[in-house]
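Next come the structures, one after another.
What follows is a pair of complexes built around chain A, which joins chain B in one and chain C in the other.
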Partner chain A sequence: MKIVFNGKAKEIQTSITIQEFLDQLQLDCQQLVVEHNRNIITRQRLAETPLNDGDTLEVIHFVGGG
Partner chain B sequence: MQIKVNEQNYALTAGETVGEIRDRIKPDADILIVNGFPTQTEALLQSGDQVVLIQRGEIPNAEELDALLTARHTPGVHDKVKQTTVGIAGVGGLGSLIAIALARTGIGHLIIADFDIVEPSNLNRQQYFLDQIGLPKVYALHDTLARINPNVRVTSCHLKLTPGNIAEVFGHAHILVEAFDVAEQKVMLIETFANRFPDRPIVAASGMAGSGPANTVQTQKVAGNLYLCGDGCTAAAPGTGLMAPRVGIAAHHQANAVLRLLLGVAPESKEA
Partner chain C sequence: MDDLIIAGRSFKSRLMVGTGKFSSNEAMVAAMEGSGSEIVTVALRRVDIDNPQDSLLHHINSERYLLLPNTSGARDAEEAVRLARLARAAGCEPWIKLEVTPDPYYLLPDPIETLKAAEILVKEGFIVLPYINADPVLAKHLQEVGTATVMPLGSPIGTNKGIRNRDNIAIIIEQAIVPVVVDAGLGAPSHAAEAMEMGADAVLVNTALAVARDPGAMAAAFKKGVEAGREAYLAGLGKQQDKAEASSPLTGFLGK
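Showing the complex of A and B:
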């Protein structure tokens, strides 16, 4: 199936959660804001939210400093 | 013939001097400014002149101050911003500057929240003073804001923001500013607020350490209601410190993003 990941079409396996997808990309989700279908979702829901065909996923990486 | 005296309208009689106006309206004034320049008492006034009469050392009353502070604003800005509540999460290098910029702009209500205390190492970039070392930052900043613009209502929350209290602390904020230091805390704040108040904009920051180019600090829209200011990549790390110039640039990107949102202009657009 296909999703739109950070603005680009991407072919991914079926039956995968957002957490599994981010793990495959070796992204450290402690420093990521994840937007799924235009809604920012909390980290507790990453592991329980499946990705579906046509979904959009944006990840915004944050670095420290302020 | 109309002139403005201390930003209030005044009907001028032909041949009146600034000294005569002073004697009538504010006899104790010892500094007379006409159209931005200090002037002598015998100067003749003309229709449309802007006169400011100041008594050295005197603090103007709230109404006068409001008019004087906003005299240099773009017309229409003040009426919009004074209706608004802005929440600022964290008042360190980013938040202390953002609060001051927004207070000078005349924002109606600021909610500032931080658990931290003013330390000497903060003074390299944060808007605190030597005599405030040891004070909770929110109270020190509250005092500073009152010295600049007492017409801004400030709610100070000396506490650590957590997923359990963010909605309560910032429940009245029309816009939330993320001004934390630690990346994981930035993420926690944004997730929590966006889930509780999905329609309210968040202005966040990421990447302003070091002394890299000023021009790589940008304002972008990165998600539905999330705006990000910074270069997006330069983390505070050993060898790359946080210093006043670049942190200040990012902070003022955030303050300007807030102002643009309040005026109904997309922060990231090139629109004037």
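Showing the complex of A and C:
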């Protein structure tokens, strides 16, 4: 299935949670904030939120800024 | 030096620093330490999985610094509110430097969208520090909706031109009921001192530190500039006048 991850189309396996998706990308969820279909997903809910075909996922982190 | 108080919280330092554009995390940390700052700004961006980066937060001691996320990149109120909510969800305290800059060339803040976003964020419980052009009427409107500070620019972001709008900043300071933080454009410690001498409550500096040959030393120089300016303001500066006024006595000259 296909999702839009950080603005780009991405092919991913079916039946996967956001947590599993982040783990596959080796992203440390302690340093991130996730928006799924424009809703913020708290860290506790990442493992219980499944990704579906056509979903939009934004994975954001802090960078230097003024 | 007297404490800076924002939204009921006291800070010893009146210098806030940004964390952008540094050549390395080590240079950024040196600038943070040299500045004596207690408030540091950060930005939110998409994770780039093709170019994994070391986490910024590993380098910022959250016991020592209040993390002030900004909404840079927001082009309207909706995007700014979205970024502020994301920052809070990331575990930050609900402090937000609100910036809405639709014009990428001069990066001037949009007053209408900034006011809209401020109103929403204040209602949601955020401590809002809005970045604005030096517009005294806008500053008043923002204070009326409950922002914790106003942050007028001295000159556009990253230009190092110093304070090019003195008269309007002076009016904002005169009328302010919240701390005034001069943000953007301060390129030298003398610019920071000038803002503080005028009665600004604090300044925010980023580019001038990041582009310095020695960011840590430059940050220490800015710290002195801020302290000198604040102390001079508190001590009471003399009035400017056109006519000379002798410092030495005008009587008892030789040869009379």
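Just so it is clear, the second predicted complex is superposed on the first by the 62 of 66 C-alpha atoms of A that agree within 3 Å, B and C clash if a C-alpha of one lies under 4 Å from a C-alpha of the other, contacts with A are read in each partner's own complex, and residues count from 1 in each chain.
As a working rule, a residue touches a chain if its C-beta (ideal position, glycine included) is under 8 Å from a C-beta of that chain, and two chains touch if they have at least 3 such contacts.
Computed from a prediction, not measured in an experiment: that's the story for all the values here.
Enquirer: Figure out whether A:Gln31 sits in contact with chain B (first) or chain C (second), or with both, or with neither.
Expert: A:Gln31 sits against chain B and chain C alike.
Enquirer: Contacts for A:Asn39 in the overlay, against chain B (first) and chain C (second): which applies, first, second, both or neither?
Expert: Touch partner of A:Asn39: chain B, not chain C.
Enquirer: Once the shared chain is lined up, is A:Gly65 touching chain B (first), chain C (second), both, or neither of them?
Expert: both
Enquirer: Just which bits of chain A does chain B share with chain C as contact spots?
Expert: Comparing the two interfaces on chain A, one with chain B and one with chain C, the shared residues are 31-33, 35, 40, 42, 58, 60-66.
Enquirer: For the complex, give me every residue of chain A touching chain B.
Expert: 30-33, 35, 38-43, 58, 60-66
Enquirer: Once bound in the complex, which stretches of chain B touch chain A?
Expert: Interface residues on chain B, with respect to chain A: 90, 92-95, 179-184, 186-187, 190-192, 194-195, 198, 204-209, 222-224, 226, 228, 232-237, 242, 247.
Enquirer: Which part of chain A faces chain C closely enough to touch in the complex?
Expert: Residues 6-7, 25-28, 31-33, 35, 40, 42, 58-66 of chain A touch chain C in their complex.
Enquirer: Touching chain A in the complex: which residues of chain C?
Expert: Touch list, chain C to chain A: 18-22, 28, 41-49, 52-53, 55-57, 67, 69-70, 72, 85-87, 89-90, 157-158, 184, 204, 206-207.
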